[in-house]
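One chain, subunit A, links the two complexes that follow: it is found with subunit B in the first and with subunit C in the second.
Up next, the complex of A and B:
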């Protein structure tokens, strides 16, 4: 960004960037391209002659498609928004009261190291109908019978999925915000206070614009991850409708090999949806900035 | 006072999910609606260490060597690339950056399904090397992302000084550049290790169920419905990363793992 803008010879650049670019180009670019070929039925034997959009059409016209994409969007948007809101409050609280508290910093790093799979299992043990929460409420007579405990796992609203993602992503977003807030002294906020800015106004017009870029970047990464992740909705989601990644893998691993290109097609639809929504959000933010909206 | 309340809130929310894992792993009998296990015992742990001991140990070893190899290759390729992106200006820099970090947002699932058929043809499927390659598709971009950030605050003039004093290129790399970027390298390494360590679906697709990493073993255990054993293996699964965090916390001090997800 604010780099000194040093120049490097082409020779130097090729040897610095070449290996990494080759790997990403071959494996990532190649993977997506080869996937597209398979989803379009293009093969080395038949070439472009056999090209067909049938697999994509089958997916798009599937009666479950709308439900699946709606569920996936609901899960990723809700968990991103919840995690982001809590993270803002948490980051501000830490920056204010515990900026140099190493214990808080250490504890908050723990969730970063725990795989999603493990957290999904522990929330299964906590929130399922026979789980610890249900036992707790029933033990203290807060619910009349075990069956009165609300369904939080494999349920309509994906409660346990959201809880897992929120638990796991809050530290990530919070650390992204703290890295900005740490370099921000109280001066700006004090100026705001002298100008009679209310707490809310100071947040809206001073803090938010400063943490904005980091918050946005963190949210995009969380959104993209939760939209394309498999384990958590597979373990904690209900059997119908399933999220897009679960649906993709179900088709891909189907004993009917004809379902495989459809699985790949869904995988590509996931990749495309994420890329398009992130590009769109960037364009919208740029547009809003040009119109003078402070974000 | 408020700092203490904050600490307590964070502590409780973070540690809560570990409670069921710890309790279930030592529960021999825990029928609903008992709040605590009716009988404690070491059945699950003895299963993990003796009955399935070799399988779990193999899983630990497979997961560990995969993650280690992926991390080493990611660093070898990612440090030079991160240096180029963080330090120099060149035409097409933004595009290169975008392309190299795009795999961070595109899920591994889309890439692995596309590559699978070709990995089978190239005899890379179901091999250690094949899985390292598929893990590289997301570990390398994250490494580049972290290292680029390190190099955007790096002053290469020290290297010029070392060179003018007659230091050969390797000495410049290991005695000048390396010590300066070491904290960044540790963060990037932990990052890439954890991503590979916790990866399930891409390992399953490319490994075809032949590479029994810990996540794959754990998934099959949940299917079998044995809660105590699943809880015990979960704890085994999180222990190495936790130890790495403890080790790095001392070294990294307050910078910590920020940026890792």
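Up next, the complex of A and C:
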């Protein structure tokens, strides 16, 4: 398409996307703005006279904050790293052996279509001490009673939360990497081989730098999602400490209305973290394009 | 010393045999062209020598050592691809030094080698230039430098000029030739362009129908083709039999050898029967085709209803339908063995 054509289509895009963007900006941006006003204690009754960071201060100085953010970071970082590691291996294997295999692509798409909530409830039904697995193993005498089944739900290490996130995020990261690897083809690796690069050296000095930006961008998106996701840790996490989104929800829905601004403040901290992650992921993608890596 | 030797190399893709029983040896410091039409299997041969493909049969020797069992990174052969295939995330010097880094060469020694090769390949001053800031010709020179810097036993070049425009191709061709003479690197140069092969090589190997049809000096292949197909590959359509009626008319073909050829540019053409120095051997024809090809014009002269002679001449003063006289100098005629 020529330059003037692009300008015209950009003009059309504004008209086409305008209504949808307006709604998103109003509902999402408006919600954030209202939340910010409440967290800062700016209300219609008090006007702009009494802006305060007290609620943020309260959150940061709360003895539960450190535990909550540590748990949230543990869940999001661990699941992201695990999903990324598995995705690298999977993407390389698929690119090498099954790049155009429809069945493999179909299987990989399944986790993308299943909502987090559904898989979290499934895990609860399957893996909880009173779940199907524990009763199955008990019935066949493999464990003395259902309560002897290892604690995989509401446990200290958030095993089930991690498994749900890893299961869900692997296809997303794998597809991001596959698009780069398919564009890349085998040639650069072949060049590396004839330039005396061993298999490991080729992975380290050719493949990783090529997929690095997309991997980083995908990881940041997954991190942002898991950092702000509520339903999985709410259903599968233990009751104390709770992750930041669960803590925000509990504060917001507390019968004590005075806890609500703190809930919103936590929500805004989460939103800020997500915004930074998404921005960084876009920076990485632009960086990759500048380097000539097609994403 | 033989840097590269192929013994009865056979390459298959599934059930299809691409190359059958190919044998070839290249001496130290020699530049040999592997010439053949597109799809003849030239790239496949290079990839097999480099270790990127496994042969179905035969043996490959580099530095007199059998390398069939060695992976690509352990063979002392570097392949320069048709496309430059530079690493987009590295600058010029880093690209050139990539192989040295893989060999874990000391930084100072590597820098010295990179600087030297940058000079040789006329890339000096571009060390820290990003790849996307280079022209097509510069990118191909970086790819060449990246291979040369490793000083391999054999440098395999897979049509490295095919993506360049005519002028750049000529410059790059001269550069490869100069660099080869300077560094005495043994090179196997693959191309489908006969002029490239003839200009650059010590020897040319013509690959047709999955095998080497003829190997020899550029002059041998051009002027003394082994068979009519080789002659045709080098642009010579003048394949005649000494029993053809017009050759009888021209006389002096008293030989047992039946088939012969003469290059179109060696056929003499006259508008007057008296013009030939030896009019006894001239024969008559009619100009039936004329194609202007720039430096030369290709004329088709029909000497009988079914027999045609192709003539190449500069600025011809002939026209279609004109009666002309042709002469084939005896010393320019090549009888097929």
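The criterion applied here is as follows: the second predicted complex is superposed on the first by the 229 of 295 C-alpha atoms of A that agree within 3 Å, B and C clash if a C-alpha of one lies under 4 Å from a C-alpha of the other, contacts with A are read in each partner's own complex, and residues count from 1 in each chain.
Rule of thumb we're sticking to: contacts are C-beta pairs under 8 Å (C-beta built on N, C-alpha and C of every residue); 3 or more make two chains touch, one makes a residue touch a chain.
Just so you know, these numbers come straight off a predicted model, no measurement behind them.
Novice: Could you look at A:190 and tell me whether it touches subunit B, subunit C, both or neither (first, second, both, neither)?
Specialist: In the superposition, A:190 contacts subunit C only.
Novice: According to the stated criteria, A:285 is in contact with first (subunit B), second (subunit C), both, or neither; which is it?
Specialist: The answer is neither, since A:285 touches no partner chain.
Novice: In the three-chain superposition, say which chain, subunit B or subunit C, touches more residues of subunit A.
Specialist: The partner that reaches more residues of subunit A in the superposed model: B.
Novice: Between subunit B (first) and subunit C (second), which, if any, makes contact with A:209: first, second, both or neither?
Specialist: In the superposition, A:209 touches subunit C alone.
Novice: Please work out whether A:77 is in contact with subunit B alone, subunit C alone, both, or neither, and reply first, second, both or neither.
Specialist: Touch partners of A:77: none, neither subunit B nor subunit C.
Novice: Quick one: is A:180 in contact with subunit B, with subunit C, with both, or with neither? Answer first, second, both or neither.
Specialist: Once the two structures are laid over each other on A, A:180 reaches no partner at all.
Novice: Looking at A:201, would you say it contacts subunit B, subunit C, both, or neither? Reply first, second, both or neither.
Specialist: So A:201 only meets subunit C here.
Novice: For A:159, using the defined touch cut-off, is the partner it touches subunit B, subunit C, both, or neither? Pick first, second, both or neither.
Specialist: The answer is neither, since A:159 touches no partner chain.
Novice: Note which residues of subunit A are touching subunit C in the complex, please.
Specialist: Contact set of subunit A toward subunit C: 187-188, 190-198, 201, 205-206, 209-210, 291-293.
Novice: Would you pull the subunit B residues touching subunit A in the complex into a rising list?
Specialist: Residue positions touching the partner: 2-3, 6-7, 10-11, 13-21, 23-24, 32-35, 76-78, 80-81, 83-90, 96, 99-100, 102-115, 117-118, 133-134, 136-137, 140-141, 144, 152, 156, 194, 197-198, 200-201, 205, 215, 218-219, 222, 227, 230-231, 234, 237-238, 241-242, 244-245, 249, 253-254, 256-261.
Novice: What residues of subunit A sit close enough to touch subunit B in their complex?
Specialist: Touching subunit B from subunit A are residues 1-3, 5-8, 12-13, 15-17, 19-21, 23-25, 27-28, 30-36, 38, 90, 93-94, 97-98, 100-119, 121-126, 130-132, 134-136, 138-139, 146, 167, 169, 172, 175-176, 178-179, 220-222, 224-225, 227-231, 235, 245, 248-249, 252, 263-264, 267-268, 270-271, 274-275, 278.
Novice: Under the definition above, what is the set of subunit C residues touching subunit A in their complex?
Specialist: Touching subunit A from subunit C are residues 47, 50-52, 71-73, 75, 77-79, 81, 83, 85, 87-89, 98-99, 101-103, 131-132, 146-147, 150, 156.
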